[in-house]
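Look at the two complexes coming up: subunit A is in both, with subunit B in one and subunit C in the other.
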Partner chain A sequence: MSAGAAHGAGGVARAASALFAADLRRELRTGEALVPMLMFAMIVLVVAGVTFNLPEMGPDDRRRLAPGILWTAIAFAMLVGQARALLVDRDEERWQGLLLSPLDRTALFAVKWLEGLLLGLAVELLLVPLTVVFFDLPPGLHWGQLALALLLGTGGLAALGTLLGSLTTSLGRGEAMLSILVLPVASPILIAGSMTTAKLLAGGTLADASPWPAVLLATLGLNLALGALLFESVLVE
Partner chain B sequence: MSERTSSALGRPAAIACGALFLAGALLLLWGAMLYAPTEKVMGDVQRIFYFHVPSAANAMLGFVLAGVAGLAYLATRRSGWDEIGRAAVETGTLWATIVLVTGPIWARSAWGTWWTWEPRLTTSLITWLIFLGAMLVRKVSHNAEQSARLASVIAIVGVLNLPVVYLSVHWWRGNHPMIFKRGAEGALAPEMWTAFVAGMIGVTLMHVALLYAAWRTAQLEDAVSARERLAEHEENGR
Partner chain C sequence: MSTGAGVALEFRSTGRRFGAVVALADATLTVGAGEALLILGPNGAGKSTLLRLAAGLTRPTSGQVLVDGIDLRGTRAGRARAAIGFLGHRSFLYEHLTAKENLELYAHLYGVAGDTGALAERWLAKIGMARVAQRTVRGFSRGMMQRLALARALQHEPRLVLLDEPTTGLDPEGRARLDALLDEQRARGATLAMISHRAEAALPRADRVLVLNRGRIAALGPAAERDAAGWTALVAAAGTAPGAAA
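Coming up: the complex of A and B.
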């Protein structure tokens, strides 16, 4: 029986909340993960705008390009942010404390996943309006449905980033190694995210984008389950 | 395992391995190059099919075996499972590489382009990248136990994501030749079926031989590492 189980569900929830609150306070104070993520996401948009020669494109071409660039920016920003956050944990030797804490590994995974998800959603709060402006997209979208698609896709990316980020951190490696491991496995999320977003940008709904929202949901469920089951194996020193 | 036992087992096994590989290669070449008739539209380029499809099936076989071995290793922590997993990732990656070489050659002749982002080739590319990642993790890890544990995690994540990768890529694009579709134009003639089955058996025999050789190599690598650690320990103890 794990130490966390011995403390009961209430104890685990309290320990998880305390860890989440401590990490949130640190992030709000330092911005050590969010600031590089925001900068990186904006740079991806600007580089895409310049290299794809957006001023020469018509509105239809820009609309076709926007979903892929948006999801590329989200994926890379999340890799940067999650790798940074996990490396800071490691550098400050907080991992030793976390591993010795009464929190069981599944709860620890859940906290780190939630933190990754919130970081991703925070970046998207800036990234989506910027994409609308830069790519001259029509403002009359189904915003709630777009938010749901972003939530599902970002959740799946955060689950992979948390599991594989902890793996690369235990190898002492950073963003490059994490990208090599995460992006191929994340390809269904990126395809489904782009296809769903494309349909929504064309004025459609999530139902019109079928089966892609279901793929986003399935990858979220699968990668959360894999993370919960395998997180312990990447943490052992 | 003593050196004597290892060498006693090594020679006949090596001969059997070589014979199995040769038999498989000859069966594959006979079916693809001698027995199969020349396809009317594509000509001899169609013979790539007898190498390409069995390679793809065996790549998947290697990766599924790697995932199963990864699960078994994490459950039991027995190094034998890691040795099987290591061998399966290596052979699976080799067959996937052959798929990625033969696919574009086919595509160039059939569709006039080297790369088409069609579903199964794209899935093979993504799968290949996932398992190259597993091999890279082994290269950069600090010790054998960590290497086995982390590579097992990657193999499990990779294998369980494969159906989703396949389905999503399939829904995304969809112009792969459907040679097995009943009554479809371009479906296989009986002689082609025989050559195809010969190719499947041939490549699988070659895979078994390679898998055995890679597994034995992994076992010997582990034995050497264990001896080195022991020698180091004894050196430090003096």
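Coming up: the complex of A and C.
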């Protein structure tokens, strides 16, 4: 058995996989992030449905309203989930254990981003069909293109949540600070996501929604690049 | 006095402030490879800050900290972190993973080659916890957590071992196992820096003693210079000096 060493490329992948598997196992055993995310997303959907009196609305109005509600629910659910996961990391000081380790910081960012992305997608797996039912949307959508738009937007939100969540964790601040930091910066994603989804719900394609899908892609790339570049500097107290 | 050839840990005019509070002021110190340094001081002296700086968990606000000659803020910091085993006030363990899963995870994080499952089992036996290998950490007592955290910190055979009050929560059997592990670390040539409030128990393993007071080095000398009572008296005097931290 050899002593610990700085990782080679294979070692980084093994370490990152082990961390991802450990976090996944914890989430499956506790549901500490996913359960509040699902609850929050459902509440947003139900409250919106009741407040806007959906049965009284015409199909065009419902279709116009749905994208904004959907992306609001996604954004807030992700905020709740990522803040919760990082808060538990901090409270149990697992976060410090990770910072102590020689694991490459970009790899650590990638693992935490992937976890945030998967949590978001898991919520959407339930949220999107429910939105279709609640808002009585036409089933003949370009589902693959909608999935791609959701993937791009959720990836961008997860990157922001990972970077800024780590910053607030290192500063010893909680969810309130994370909301203040994330929501303004997430606005381009939410707007682009809503505009793209609106076009898709109207029976259009991603090409019809131009330039908003490109904005989603650009914000994802930008947020990932910023995360990879800045993650190290936001970590240590 | 260094007992090895190189310098394992070096503080170069290192300072750390938390707002207006000076936790460590302009500390310059070298710890030789294979040396054992005992760190003493009253509460609030800056002992834990010193150790966290050495582990790279806290950034200095001035000066540098080097491990094996590598700046912990530099681009090669990962290589230096791989050489460190740190036990602080908290366990850094995943409460919802089992004891064995925790050790395996940290072995992977530290790039340990080989069968991490077998390594975890060996360490669990070493700390007397083989029977609870498959139990989640959540229900463990303070002492069990401390033992497991010790294994977590040492299993990758770090060259620099940093221990902050390692006897906390340990029963007599746990303390005996800790003593055996410390002897083992010394025998394999690891460098030790350890904070303890129990000078009489820790002194026999120390080459030098560092006394901190109010973030400054109050004394640094060979452990044999004084007996335990002498070092304890020095710490007490530092703690009651005018303006000393409560």
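Everything that follows uses one rule, which is that the second predicted complex is superposed on the first by the 231 of 237 C-alpha atoms of A that agree within 3 Å, B and C clash if a C-alpha of one lies under 4 Å from a C-alpha of the other, contacts with A are read in each partner's own complex, and residues count from 1 in each chain.
Criterion: contacts are C-beta pairs under 8 Å (C-beta built on N, C-alpha and C of every residue); 3 or more make two chains touch, one makes a residue touch a chain.
None of the values given here were measured: they were computed from a predicted structure.
Visitor: Using the touch definition from the top, say if A:Val185 reaches subunit B (first), subunit C (second), both or neither.
Guide: The first partner, subunit B, only.
Visitor: Just subunit B (first), just subunit C (second), both, or neither: which does A:Arg26 touch?
Guide: A:Arg26 contacts subunit C only, not subunit B.
Visitor: If you stack the two complexes on chain A, which partner ends up touching A:Val35: first (subunit B), second (subunit C), both, or neither?
Guide: In the superposition, A:Val35 contacts neither subunit B nor subunit C.
Visitor: A:Leu167 in the overlay: touching subunit B, subunit C, both, or neither? Say first, second, both or neither.
Guide: In the superposition, A:Leu167 touches subunit B alone.
Visitor: Pick one for A:Leu230: touches subunit B only (first), subunit C only (second), both, or neither.
Guide: Touch status of A:Leu230: first partner only.
Visitor: Which holds for A:Arg14: it touches subunit B only (first), subunit C only (second), both, or neither?
Guide: The answer is second: A:Arg14 touches subunit C but not subunit B.
Visitor: Between subunit B (first) and subunit C (second), which does A:Thr219 come into contact with in this model arrangement: first, second, both, or neither?
Guide: The first partner, subunit B, only.
Visitor: Considering only the touch criterion stated at the top, classify A:Gly97 as touching first (subunit B), second (subunit C), both, or neither.
Guide: A:Gly97 contacts subunit C only, not subunit B.
Visitor: Starting from the residues of subunit A touching subunit B, keep only those that also touch subunit C in the other complex, and list them.
Guide: Dual-contact residues (subunit A): 236.
Visitor: Applying the document's contact rule, which stretches of subunit B touch subunit A when the two form their complex?
Guide: 74, 126-127, 129-130, 132-133, 136-137, 140-142, 146, 149-150, 152-154, 156-158, 160-161, 164-165, 167-169, 171-172
Visitor: Which residues of subunit A touch subunit B in their complex?
Guide: So the residues of subunit A touching subunit B come out as 160, 163-164, 167, 170-173, 177, 180-181, 183-185, 187-188, 191-192, 195, 211-212, 215, 218-219, 222-223, 226, 230, 233-234, 236.
Visitor: Give the list of subunit C residues in touch with subunit A in this complex.
Guide: Within the complex, subunit C contacts subunit A at residues 55-59, 76, 78-79, 81-84, 86, 88, 90-97, 101, 104-115, 119, 136, 152, 156-159.
Visitor: In their shared complex, at which residues does subunit A touch subunit C?
Guide: So the residues of subunit A touching subunit C come out as 1-8, 11, 14-15, 17-19, 22, 25-26, 29-30, 92-94, 96-104, 236-237.
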